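I am attaching a structure below and will ask some questions about it afterwards.
Going in written order, the chains are labelled A, B, C and D, and every chain counts its residues from 1.
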Amino acid sequence: MRIGVFICHCGSNIAATVDCPAVAEQAKGLQDVVFTTDTMYTCSEPGQNEIIEAIKEHKLDGVVVASCSPRMHEATFRRALERAGLNRYMLEMANIREHVSWIGKNKERNTVKAFELVSIAVAKLRNNNPLYANKFDVTKRVLVIGGGVAGIQAALDCADAGYQVVMVEREQSIGGKMAKIDKTFPTVDCSSCILGPKMVDVSQHENITLYALSEVEKIEGYVGNFDVQVRKKATYVNWDECTGCGACMEKCPSKKNIDKFNEGISKCTSINIPFPQAIPKKAAINPEGCLMLQKGKCGVCAKVCPTKCIDFEQKDEIITEKVGAVIAATGYDMFDHSVYKQYGAGQYPDVITSLQYERLMNASGPTGGHIIRPSDGKEPKKVVFVQCVGSRDPSVGRPYCSGFCCMYTAKQAILTKDHIPDSDSYVFYMDIRSPGKGYDEFTRRAQEQYGVQYLRGRVSMIYPKGDRYVVRGSDTLAGTQVEVEADLVVLAVGAESAKNAPALAEKMRISYDNYGFFMEAHPKLKPVETNTAGVYLAGSCVGPRDIPTSVGQGSAAAAKVMTLFSKDKLESDPQVSSVNTSRCIGCMKCATTCPFGAIKEVTDRAGNVKAEVIETVCQGCGICTVTCPQGAIQLQHFTDNQILAEVNALCQAQLDF
Amino acid sequence: METIPLNSPDREFIREVQERSGQNVLACYQCGNCTAGCPYNFAYDLSVSRVMRLVQLGQREAVLKSHSIWLCATCQSCTTRCPNSIDVAKIMDVLRHMAREAGYATERNVKAFGDAFLESVEKHGRVYELGVTATYIRKTGRFWTDVDLAPAMLPKNKLSIKPHEIRGKEHVSEIFKRFRERDAVKENS
Amino acid sequence: MSISVGYYPGCSGSGTSVEYDKSTRAVCKKLGIELHEIDDWSCCGSTPAHTVNHTLSAALSARNLVLAAKQGQEEVVTPCPSCLANLRTASHKIEDEEYRPKVEALLDESCEEAASVASTLQLIIERVGIDAIKKAVVKPLKDLNVACYYGCIMNRPPELMKFDDPENPMAMDKIMEACGATVLPFPLKVECCGAAAGMPKKNIVTELSGRLLEVADSLNTEIIVTACPLCQMNLDLRQGQVNRANGKSYDIPVVYFTQLLGLALGLSAEEVGLSKLVVDPTPRLRFADVL
Amino acid sequence: MSGSTGLLTEGQDLRIVGFLCNWCSYGGADTAGVARFEQPTDLRVIRVPCSGRIDPLFIARALLSGADGVLVSGCHPRDCHYAEGNFYARRRFEMLKQFLSVTGIDPERFHYTWVSASEGQRWQDVVTSFTERIRKLGPATKMAGGTGYDEECLKEIAAAVSLGDQCPCHKEKA
């Protein structure tokens, strides 16, 4: 092998504390090294040309650059090698800047260290092999999981770009939380007026296939080629026939079901369409409440249905879909506030959640938009809002800020005044977090124009007194305790990850944080990407996000999918594991440890079980390599031999005495 | 109102409170929940969250001379509900210890009552309620404010006239003695 | 079934709360619990001790736990939450290898062998159990509307007490229900009554106990049920003072849960010390056909 | 001295080998460099994609070949770029620690920790304190004859440790 070594000065960044010429000189003595030099700025155009020329002139088949971190310029130098006709993986770098010159002032020691890092790099390079990327086809269909506003936006953008979209929504209708809320901050425009048309677009778009009341059962495969299984839950109604006329709902005698869409503040029939604008607008039977399914008698809906689409025998159905990319947009759920026993939450009828309050204010809600007390139907005159319930509270395991509750509380306080002009509103807050465009002005308006009384402090307890509720909190600005007697208390309940989000994350093979929110590939620079190629994120499944951000991310995720789909073939990263079949004994231990399901079992011609790496799925972590008892599966570019060569280069010196 | 000079916060004070209470006072984010739930707040001069704040700011004097730390009844409301799981009641307790040690007694009657109670325990091994009352009156010069209770209590034999002496009362009084000796040592060093 | 535990009555048991002590002993006997009073027990130091010094407080309490252990009791129960809090804290501290020597230095003896401690309420609900109580009831407290008031330290802080819910405890509610009473949802179950402030700061008691009586009254409470001598004293003995200070005229009997439980189990008014109460509960109890 | 280079004239660096995952800890070390957090010069870093790629064999081999210390660092638990590589790593390292003493190596010479790409300060602390620790222990005594360890025995140990994932005691923990 013929190796060339280039020692970079980085101006004085390296040269000030490392004797670069001496390192270059010393490197000449390393095995296989035929050329060494030191240069001012290796990454500059002349620097790169020097490498290219040296490769040609000295017939180098490998290059070591000792300079800054490979995280900085590895890609740069790999391209330079390619331009000189070498394989890009015949490059090794020694990090003599971040790891040497910048962290130590002793030039002598730095120089030794720099040299040793160079010798490690040379030792590794001597074991390198050219690696070549494979090309593979992309299925240009995308799966969108979750039909909240983020998912809807992503789906519409992809569909408009001409790609097929499969949308899977867990509930009976798409729309997510936004479909439940009344008006939206900071413009206070009607939520369903802006979301409704988008929902209709989803149902009518020729490129979108929607599975509601469905969940993703399984995802296999890899970027460009995912196989997805979707469980369509039994609705007991043939949706191809159902016209959404609602005749069944009118006649169903079982009327005591908890109305999930209305957050439990009202009841609904066992056969139900959750709300008039539901998409798809189809009826479904709640088997727990249905007299026919529970006791075998009734069948009224089947009798009245004009299209005869009731089917009590219906079963869950598994559908398989092939897609090339996945967008997760599963949103959030509300914190279970009943842990706050001191608030009587879940116990006192007039202590309700913010989302329940949205349903109360909503013109299409169960009260037709009249704000009334659940206990006695009276109009409340004093409404107290309590912020940060289940947020910013480490004692209940929720130390994070839910981000949007300050804003929606201000909105709800404003709307309360609009609905009930002679009412008074009080807001207990810790801080007001309103960093969006026009947001702070909005919370100020609540105070200045609407006279909402903001009190800075947490609430310690709420208890009933007569037919009102005493809310005892503090006003730390006044420096003392305060008490308000309220007719209605609204808890600004925090956001937590969607139910079973971790299980879904595991199906998608992406990471999630301590709270079950999905993890971005990089919190700043890759906010909609994940560590698994081909899986993207949108909206509040990453953490609490308001509507503008969720929509923005829906579009961003769609753009990433389109970028992916803009190529007909994808290139795989060749730094993946590969199995030496003659060594492999087929124990499949590697497969059980691989976090990405990248190893499958195959049988060779002699009928022996062998492991095989699906190159496109393998992410190159090397966990399998360590697991294999035979050393049969080796992560390319980080093989046992390569790493041991580095270890030896580093330690052998001492044994040489 | 006075300006609090922050140039030289009493870090030793902060450290001592933290060490003796085992609580991280820096974890307090001033939500006011402790104040909100404190049943004694109406009688306080400094609400309990302000006490916490002043401790954070290293304001020894302001804290140790406050009335609040004497009035706190260790009802545990603050401790139970603090979002940051700070044992606030324990901090109040520790502040009271420090105030005693430093010679503050802002609520004389509270201190006198405590002292009278402990004297009784020291003497008899158990509390002798009438004795406590008598000592308390002697210390404060206040006639028993509860004389109006006597007609209700006496006929029911609820106040025993004689102290309950225990056999091991020496043992108990020695506990006090050793405590004072140990304390004296501490003060000298 | 026979349960045998050490018993720490607490100072007030021989003074202001004799009826609590009396009814506790009677009820336990009835339920098959043997209480062995710790011989020569001393005061736990109560609130004054821990407000002076934590080690002193721990030593005063620990003396009793060590005594109990010497007398062969592994477990001690006490009716009084204030004693409980002190004994529990002490027990916690002497489990701490680093803290124990400090306590031992004051006590001048080893604390390694010390009894554990619980409340009689906890003992009854956890070891006897609601079902057994239900079976043992002979005189159900029918038509009696009661509010159970636990006081502030029976369950708090939860890390120390490890018993029931710190915000909405239910142990007494369940016992009273088992006795046949109608238990009202009393929202101030764990609010402080003013505790030991009675003597030095009467206004605190009249304010805090006043709130409790007001809310109890608004629920049409016939009898307030307590488990704490201080609460009982503030609400019962001082009810007149509270009324005068607040311009009210409440007349709500305040009894110990052991007294009502005892009656339901068939004990006599005398056996549970009803006559010691200041606000007389007998008219209501007669009306409800309990007496 | 350092026979191989002849560059160093005075004093001797200890031989500390670092295995760092590419995503978090290598980045953390870079961050420390960018921030110019000064560190002892004894450590040399080998970059691997994931702490899950670090075969206990590498560590054992380094220590048996005369390294004075081995420092391993990966992403914080749950923060792994490859989802769970660091969990595997942790199990293997715990096993390794138990085995090291069997080979006559002071397990104190081996340390593993978690440092994220943003934690330059933490990296500085980790390097400094680990180097301190090794300085206290002093240079490793060289194995007799340079390769005084039984390669076979080493492999067996490494295999047992790598397979920690399948070992029953780990199933329980998982």
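In the analysis below, contacts are C-beta pairs under 8 Å (C-beta built on N, C-alpha and C of every residue); 3 or more make two chains touch, one makes a residue touch a chain.
On a predicted model such as this, the values are computed, not experimentally measured, just so you know.
In this structure, the chain pairs A-D and A-C differ in their number of contacting C-beta pairs, and the larger number is found at A-D. Between the Cα centres of chain C and chain D there is a gap of 59 Å. The mean-CA centres of chain A and chain D are about 32 angstrom from one another, to the nearest whole unit.
The mean-CA centres of chain B and chain D are about 53 angstrom from one another, to the nearest whole unit. None of the residues of chain D touches two or more other chains. Among all residues of chain C, those that touch two or more other chains are 167.
For chain B, the set of residues touching two or more other chains reads 42, 77.
Every pair of chains that touch is listed here: A-B, A-C, A-D, B-C. Across the interface of their complex, chain C is touched by residues 341-342, 344, 347, 463-466 of chain A.
Chain D meets chain A in the complex at residues 2-11, 13, 15, 17, 22, 26-27, 29-30, 32-34, 36-41, 44-50, 52-58, 61-62, 65-67, 78-85, 88, 92, 124, 142, 146-147, 159, 162-163, 165-166.
Residue ranges on chain B touching chain A, taken from their complex, read 29-38, 41-42, 47, 49-50, 77, 81-85. Remark: chain A residues 342, 392-396, 430, 456-461, 472-476, 479-482 touch chain B in the complex. The residues of chain B lying in touch with chain C in their complex are 39-40, 42-43, 71, 73-77, 79-80, 87, 89, 93, 96-97, 100, 107, 109-110, 112-115, 117-118, 121, 125-127, 129, 133, 136, 145-146, 148-149, 152-153, 156-160, 164, 166-169, 171-172, 174-176, 178-179, 182-183.
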